[in-house]
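What follows is a single structure, and I will ask about it in a moment.
Chain naming follows the written order as A, B and C, and within any one chain the residues start at number 1.
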Amino acid sequence: MLKLMKYELIKQRTSKVIIGAILALLEVVFLASMLLGKEEIMAIAAGMLAFLASVTFVIVGLEEIITYYHDIRDKSGYMLFMTPHNVYTIMGSKILTGFLSIVAAVVVFGIVGFADVTLVFARYGELKSFFNWMQEFVSINWQVNIDVGLITASVIQTIFSWVGMVTSAFLAITLCMTIFSGMRVKGVIIFVIYCVLNIAFNIVVVQVGNWLDISTATSLMAYMAVLSVVFAGACYAATGYILNKELSL
Amino acid sequence: MLDCVNIEKRYGGKFAVNGVSVRIEDAHIYGLLGPNGSGKSTWMKMAAGLIVPDDGQMTLDGIKIGAETKRHIAYMPTEGYFYSYMKIKDVGRYYQDFFDDFDAQQFEKLIADMDLEMNMKVRNLSSGMMAKLKIAVTLSRKAELYLLDEPLNGIDLLARDEVVNTILTNMSDNASVVISSHLVEELERIIDKAIFMKEGQIVLMGDVEEIRQERGESVVDLYRQIYG
Amino acid sequence: MRYENDRPIYLQVIEDISRRLVQGELILGEKLPSVRELAVQYQINPNTASRVYKEMESRGLCYTKRGMGTFITEDSGMIKKLQSEMAEECLDSFLQGMKAIGIGLDEMIQLLREQYAKEDL
């Protein structure tokens, strides 16, 4: 399993390298401009860092998905499926690699973000008071406490929902390349299956959510995280099952 | 020993492999012969676990084809299949990581014998070099069963003898080898059993020296008779 | 070595080994290569190679000592026998060829003497 993960990481290094490089660059610009008092540039850099953080999920996810697509479609797929592992282990290694990559990204961006915010608050005291005021405002008006608990739960929820989206993409690709392999316009079919899976999932989330009557924002995040894990698990199991029955390189 | 009972594989409505039953025994070199589309590659990929049959059973020493059998089967596809980001030494490393029966020293020796270098990039290899790399990496495994799909393709006339010798000298003792090839004449002296496939089925199978003794024919002659 | 692929290869290898024996390239009692080595040397399938030794052994051309390998016979009479067998084959094809072009025995002998002198054997 570890060996599989090693090579998955190597195959998917491009996105990580590029994001890392841009992150480093933006951070340098941010810090430098703060030191030099160039507030406009600092704000732009900060905005771009935030944007980069959100885009990271998409880029890493896309690389996961595209890599799998190549493994199923191209001759290089022999390299992967020839190894003495069953399909569950192979797919599992992909999901684990992606999960760990995203967690690493969250940690890195989290540390950088936290450090940057702390620095900004230290230097610009009025921003800190503004933030505190906003926290109270949200708390009074919407009964949502923006605290560490909520942020943690949201982050965890985002990570697992990402895993859900990637595994459903795996399933969509697998379905298209095996059972629907005779059809043309495979890209469209993959996209359609993907949408169907995720829409169905979201419907289930809403319905079950109503039935459970969730009160706090934090527990909502927790609930969605759990459901995402279940969804990802189901997609993973289905993908493995189909590959075992229908794999045809 | 690879045992195959009534293996079938369909694509769309057509049979690529249509009821193949065969036993591949230890310590023999089989020639899997037939024109394009006769089902040779599909059969091989099923033995290698890369295609799941629609019907029938395939076992290696009694174990169903799957993750465990891949440990003991060395499959070499017709096409180039290495990750293009790799160098030759990375390919060796990959095989070493996944296959316990991979002999890294033998790999080094074969690469040198074939005039290749460890630092060459896969994406820069000519088709002839790619063909040699495939052989080198496959035969560096001490496998129980070797499945070689068109190993002589893309290899020039002079190098073919070298490749045939490499197969003879480097396969593990008691291993079975199944070689599929269009170049029937080149295989004549190396195979001892011939399997002829046509339209997804085995039409004839026999001991090659017996064919010569009883029919007074070469494998090429027999091939012409069957497919001509 | 070039093979005729419509005749059993193991027989052709035996012919070659016999030729080398008669020509003195191989000597009586000499150790022969292992089956594996023979296969590589003649570039043939290992099973064919073991068939070679099996057949040679049944003809009395070689013998196997357990754990030590296969050896050429020590019987010099065997060489003589091989030689006359090979001679008989050459003669046979010579006679057939001559018959086919209609040359009788006396003329055959005379042509043979003349050709022999010319070829400086």
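Here is the rule we go by: contacts are C-beta pairs under 8 Å (C-beta built on N, C-alpha and C of every residue); 3 or more make two chains touch, one makes a residue touch a chain.
Nothing here was measured: the structure is a model prediction, and the numbers come from that model.
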Based on mean C-alpha positions, which chain is nearest the centroid of every protein C-alpha shown?
B
Report the chain whose CA-based centre is farthest from the CA-based centre of chain A.
C
Measuring from the mean C-alpha position of chain A to the mean C-alpha position of chain C, what distance in angstrom results?
76
The distance between the C-alpha centres of chain B and chain C, rounded to whole Å, is 35
Hey, how far is the Cα centre of chain A from the one of chain B, in Å?
42
Across the complex, what residues on chain A touch chain B?
3, 6-7, 10-11, 75-79, 81-86, 89, 182, 244-249
Touching chain B in the complex: which residues of chain C?
3-10, 39-40, 43-48, 51
In the complex, chain B residues that touch chain A:
9, 12, 45, 48-52, 66-68, 70-71, 75, 77, 79-85, 94, 97-99
Touching chain C in the complex, chain B uses residues 27-29, 161, 164-165, 168-169, 185, 188-192, 209, 212-213, 216-221
